[in-house]
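Two complexes follow with chain A in common, the first pairing it with chain B and the second with chain C.
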Partner chain A sequence: MKFLISLSWKNLSRYRKRTIITASAIAVGLAMYIFIDGWLRGAENESTQNLVTYETAPAKIMAAGYYENLRRMPLQDGIENPGPLLAKLGSLGVAATPRTVFSGELILNKDPFPENGSVTARVIAVDPTTDERVYDFRNAVSEGRYLTPDDTGILMGAWLAEDLKAKVGYPITIVTRGRGGFYQTIDTQIVGLVNTPNPAINRSLVMMTIQAADRYLAMKGTVTEIDLKLPLGGNFDGRVEALASQLGVPSYHNGTASIEVTPAPGAIPAEGGAQAAGGLTMVGWRDLAKDYLSIAVAKQSGSSIILILVFIIAAVGVSNTMLMAIYERTREMGMMRAMGMQDGELRLAFLFEAAGIGLIGSVIGVAAGVLADWYMVARGIDIFAMLRNMDVGYRIASVSHSSWNPQVIVIAFVVGILMSVLVAYFPTRRALKLSITDCLRDT
Partner chain B sequence: MKITGIAIRNISRNVRRSILSVTATLVATMAIVVLFSFIGGIRQNIGENVSDFISGNVRIRNTEYDANEYMMPIQFRIQDPQPLVRKIESEPGVTSVVERIPFGAGVYRENDTVPIQGLGVDFAAEKGFMKIDRLLHEGKLPEAGKNEVVLGPTLAKELGVKVGDKITLLAQTMRRGTNAITFTVSGIVVFPLAGLNGSLILAPIDRAQRLLGMGGAATEILVKLDDPAGSRAFAKRLSSSLSSEGYPDLEAKSFDQISTILSLMTMAEVIYGFIGLFFFVLASTVLINTTMMVIYERTREIGTIGALGMTGGEIVRLFFYEALTLAVTGAVAGMIVGGGFSILLGNIGIDMSDALQGVDLSTSNIIYPRFQLGTTLLIGLYSIIISSLAAILPARRAAKIEPVEALRTI
Partner chain C sequence: MTSVKNVSKDYHAGETVVHALKDLTLELADGEFAAIAGPSGSGKTTLLNLIGCIDRADKGSIEFDGKAVSSMNRHSLALFRREHLGFVFQTFNLIPVLSAYENVSFALSLLGIADAEVKERTLAILSEVGLDGLAGRLPSRLSGGQQQRVAIARALVKKPTMVLADEPTANLDSETGESILRLMQEMNRKHGTTFLFSTHDPMVMNYADRLVKLHDGAIAGDERRK
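Then we have the complex of A and B:
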């Protein structure tokens, strides 16, 4: 055995060129796969992050009736008296903030706006003192200031403001309907502009304080949702389930409420999903995301199709080079057999050699892939900086980052070696089946 | 001639090696062809949806409206659009012309108002433009002059309405008054864009004019051309004729001059460009590796023919011809396989509805990859050039070695 290993090693170092070419095929294939996978994953993670940090929060508690009609935003299906629930969440150590979301029509009047007009908008009312526990809007204010608890002004998304030609200090009237259906007119002004990495928010955000919304819409303390901060990784769904059962509310999955949860005394269960008016439900960001606007560029580009195609090219590159390397040595095998080497030993020696090439290629490939990943994770590339001279409409500040994917890196490493050995097996077997003289005649 | 003859014989002499070498070119070519067809499919899909539902190939609007379109200032309108529609229809190269009024409205309900996007359209003309009759899923299309609307299934479900039910639309008129009309839902239409299914209500344009107090005016005229590539030139010509023919406040823009659409398309182009680049790099290494391996393994053979008297130049040419033949075979086969696969997928379509969940780009749920002959030929040419050039370098090195040295390598 020791002899076989040292023979394989000698062969590897003797045919340096062949080793380099075959190993480099493996290395480039692996590095490319790791890099593209990390990049696509990074783009997806980033859009998830943007979604969770600015739109959905990791999870929300809503009245079941409200969640069922999320786009309609029915104020009468709110969480009445959210105080005890917030206190309970506080005692469980979960960061939470109440919000009220309603739809309204923004009325814009000529002077200071360039023209008369109106736009419908989703207005988000937040508690400026607790919203930062879950979201990150204070740091996203690009002009003007953040909201204060006794504020009557609004924050607006930077792109929306650009589209409407609105500036800080401009007055805006919001026409909406309060709880119970009465019409209400809210005269307010823009106190700040918000520029986040989330395009959907930049294009649509209108934000006021929950204190003002409570007054204008006659909410009497009712809010439409309580947004929670939970760690995203690992068993996120399990965490949602666990917290939901601690609170005694059902959690929502893929459009159906989980029924295993036994409601705690005092909580009103949602019957058959969501009809019961007073029932609360807890919804994770994945289910919420269906109803939001975020753009997932990575998904859009069909990442799985791209990865499959990358894998095909890489696999053909690896197996082709390897097949060729072994086929070309039928003659050498004939020579060794003629000198009396056992078939089994010879096969083992060749497989060891293939494993050696696979190992060298995988090490270099993984190292290169990790290095490229590391740069893309730490620094990223600004795709749109290259487009500075082009008029792309919006100012998209989008540095694209990669994400680490240890699983794929390990799998790529193992596959690199296994595939080399597997591919080497067939031509070796073929050569061993031939008679020695045939082997020697083979060119 | 002599050398090409030897090259051909060499290829058929070692079939196995030739097959491996051809496979590399074939797979690399095929994968890139499929990728570009896929990208082409997405691009065409965005283009068609944008042109059907948003901008047409060319869009005419009031300049003032266009400058402030997000406020929907419907007071900046196209007065009496019909003669203009007729006139543009008669121009050569025009497929279809429609007038439309996009407006924001609310569906009035007992406790709340649900915001929706309204679109006043000429249903008869839209049969040739957005192919509205093919989108109809249930019921019938509204008739002009009647208070009837059609809407997407998601929105219908949210509002809890069925065909035959009544809904009340509430909107601000052109002069900023409030107006409401009650409509009967005459049918359900399924739009190819998921986003529209949950928000869009189509009403006859005369009813929209009544609701918004616009008289006989429209907000925009959309033009579809036989050849969308000529949009920019057509828009330019149309713009200048508009101002000289008594429509000084109107302006025609081609779809790629509209900034929001442009930013979307540029973003997609850049991302696909990057992915394409990576594919070319990866495919090139595969091609170069395989070709180099083929030559390298034959150092001994090169030594033999060198010893028999073939000059270095002839050896290089021999191997170049060989590589070229293999590359052409592989590339042609790759183009055929990749093209066939793309055409097949183009007919079946790739269902992206899972992948596109929550995405509000202008893409449909099903992507039909689009086979493009020009791109495919360029990709094939690229593979041929890389593979055959990759043969020259190692062949030259091998030809320079003394025959005795070359013969010693195994």
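Then we have the complex of A and C:
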């Protein structure tokens, strides 16, 4: 065995250039694998964080009718009298805030805007005193100021404002329909611009106070949702389901399933709390971010295909090297077999050689991948220029970071060696099928 | 004693059948220094390959001290060659990445001999073949004659029953060739190892104690000279 290892190592040094070139192919493949995986993982982690912090919240309570027609945002299907539910959430130690979301047409009049026009927008009405318990918009104000409870103005996403050529202080009109279907025209003013790490928010946000929306839309205290802050890690679904049970909310949508929840004794409806036509439902962030998650899955699949191609190229490189190594040494193999070396020992010698190439490639590839990861984790890459004008689905507005994934680093290292051994196995087996006399005749 | 009994071997090239050996019978006593001579295509290499257990006869049998090797499987044959047979090739066939010492010790490593004994026996045989001080050299830094000496040392180091050499001097100039033959003869006398080598060179035939002449796959003459 010692001899076989020594022979393999010496053969690797004998064809140093070839060894380095082949090992480099493996190294490039592994480094790309580690780098791309780390980057995607980092982008996903950051995206999820930004999605939950600025868009979906970890979970929401909605009226079942509103949830079923989420795209239409029907105000008549809201949560009436949300006070007791909010109080119960408070008593359970869950941070919560009410919101009303409706669609409207933003009317832009020439002067101060460059041209007359209109834009369809999703308007989010928030309670400025409680919204910070769940979201983080106050710290994201880049110009102007945050909303106050008696505010009649709006906050606007910084990129949307830039696209509309709007500035703080500009008047703007929102045309919408109130609860019951009547048309309402809201004359308001931009009081602040919001620049968050979430490009979807920067690109589309129009935010006003829930107090103003209540008046304009004749909501009479009804809200369309209650947003909850819950820790994301661990058994998230289990926690949401347990909370739904305590609140007497009979169902939970987690993105993959609709779960019926058995209300716990003393749950809200028994106390005559919040009411909604068709009852309430709990909705997890994964359900609200279905589009984003399916894009993320598609991206991962695309990246996997690229990675598989990279590995195939590396495998072809190793295979070619081993083919050349084996056919160049056919006579040598014949001599060794004539001297009594068993086929298995000879095969092992070539597989050790392939493993050596894999080991060198793995060490270099993992080192390069870790180095690239280290830079990406510590510094990241500013992808603002790309994301400003293109929606790639990720909720990252400027600097994208990687995340460490030790499991993938270990897998990459092992795969580099195993792949090399695997692709060397077949040409070795083929060469060993030649008779000794044919091997010795080889020129 | 090595016995070749009624051995035949054919080669097929498409429709053409070449009868390399035809019902050939030959006996070799232990310690003989024998040459197989004959023109190209007479069956010299085929006979050496069959006796060397690296090819199989179509008919007949080959025995070493009564042990039939023709019926052994691939694995047993490899073990038999490893233990009992040494080979010297026309083109030396040394492993280019290994030093002279490593090329020789390789034969002992295959037998699972302890490192200390491997070292002792390897250095001793290298000294016997006249390669003192060259043990660390790679084949590329040795002359043709020196490389063939390494090959002879590699064949002899495991103390085989027989050494088979296929035209061992064909790639050497006549002076070096003669020195190699003298070395083989010396080793045969000293260790009592049977040497069987093929040649078509009259000078080489002169060194043989026994000359077996082949023609068209059959024995055309068997001459004992000493």
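Details
Operating definition for what follows: the second predicted complex is superposed on the first by the 248 of 443 C-alpha atoms of A that agree within 3 Å, B and C clash if a C-alpha of one lies under 4 Å from a C-alpha of the other, contacts with A are read in each partner's own complex, and residues count from 1 in each chain.
One rule holds in what follows: a contact is a pair of C-beta atoms (placed from the backbone, for glycine too) under 8 Å apart; a residue touches a chain by one contact, two chains touch by 3 or more.
Please read all numbers here as calculations on a predicted model, not as lab measurements.
When the shared chain is aligned, no partner comes close enough to touch A:Leu359: not chain B, not chain C.
Applying the stated contact rule after C-alpha superposition, one finds that A:Leu422 touches neither chain B nor chain C.
In the superposition on chain A, contact of A:Gln342 is made with chain C only, not with chain B. In the superposition on chain A, A:Ile411 makes contact with neither chain B nor chain C.
In the superposition on chain A, A:Leu440 makes contact with chain C only, while chain B stays out of contact range.
When chain B and chain C are set side by side, the one touching more residues of chain A is B. By the document's definition of touching, of the two partners only chain B reaches A:Ile36; chain C does not. Once the two complexes are laid over each other on the shared chain, residue contacts for A:Arg331 go to chain B and to chain C alike. By the document's definition of touching, of the two partners only chain B reaches A:Glu115; chain C does not. Across the superposed pair, chain B and chain C both touch chain A at residues 331-332.
Listing the residues of chain A that touch chain C in their complex gives 2-3, 6-7, 10-11, 13-14, 331-332, 334-343, 345, 435-437, 440. Touching chain A in their complex are the following residues of chain B: 14, 16-17, 20-21, 23-24, 27-28, 31, 34-35, 38, 42, 64, 67-68, 70-73, 75-76, 104, 106, 110-115, 158, 172, 176, 198, 259-260, 262-263, 266-268, 270-272, 274-275, 278-279, 281-283, 285-286, 289-290, 292-294, 296-297, 301, 350, 352, 355-361, 363, 367, 410.
Touching chain B in their complex are the following residues of chain A: 17-18, 21-22, 24-25, 28-29, 32, 35-36, 69, 71-76, 103, 105, 107-108, 113-120, 160, 163-165, 177, 180-181, 200, 289-297, 299-302, 304-306, 309-310, 312-314, 316-317, 320-321, 323-325, 327-329, 331-332, 383-384, 386-387, 390-394, 396, 443. Chain C meets chain A in the complex at residues 49, 52, 54-55, 74-75, 78-83, 85, 87, 89, 91, 93, 95-98, 102, 106-107, 109-110, 154.
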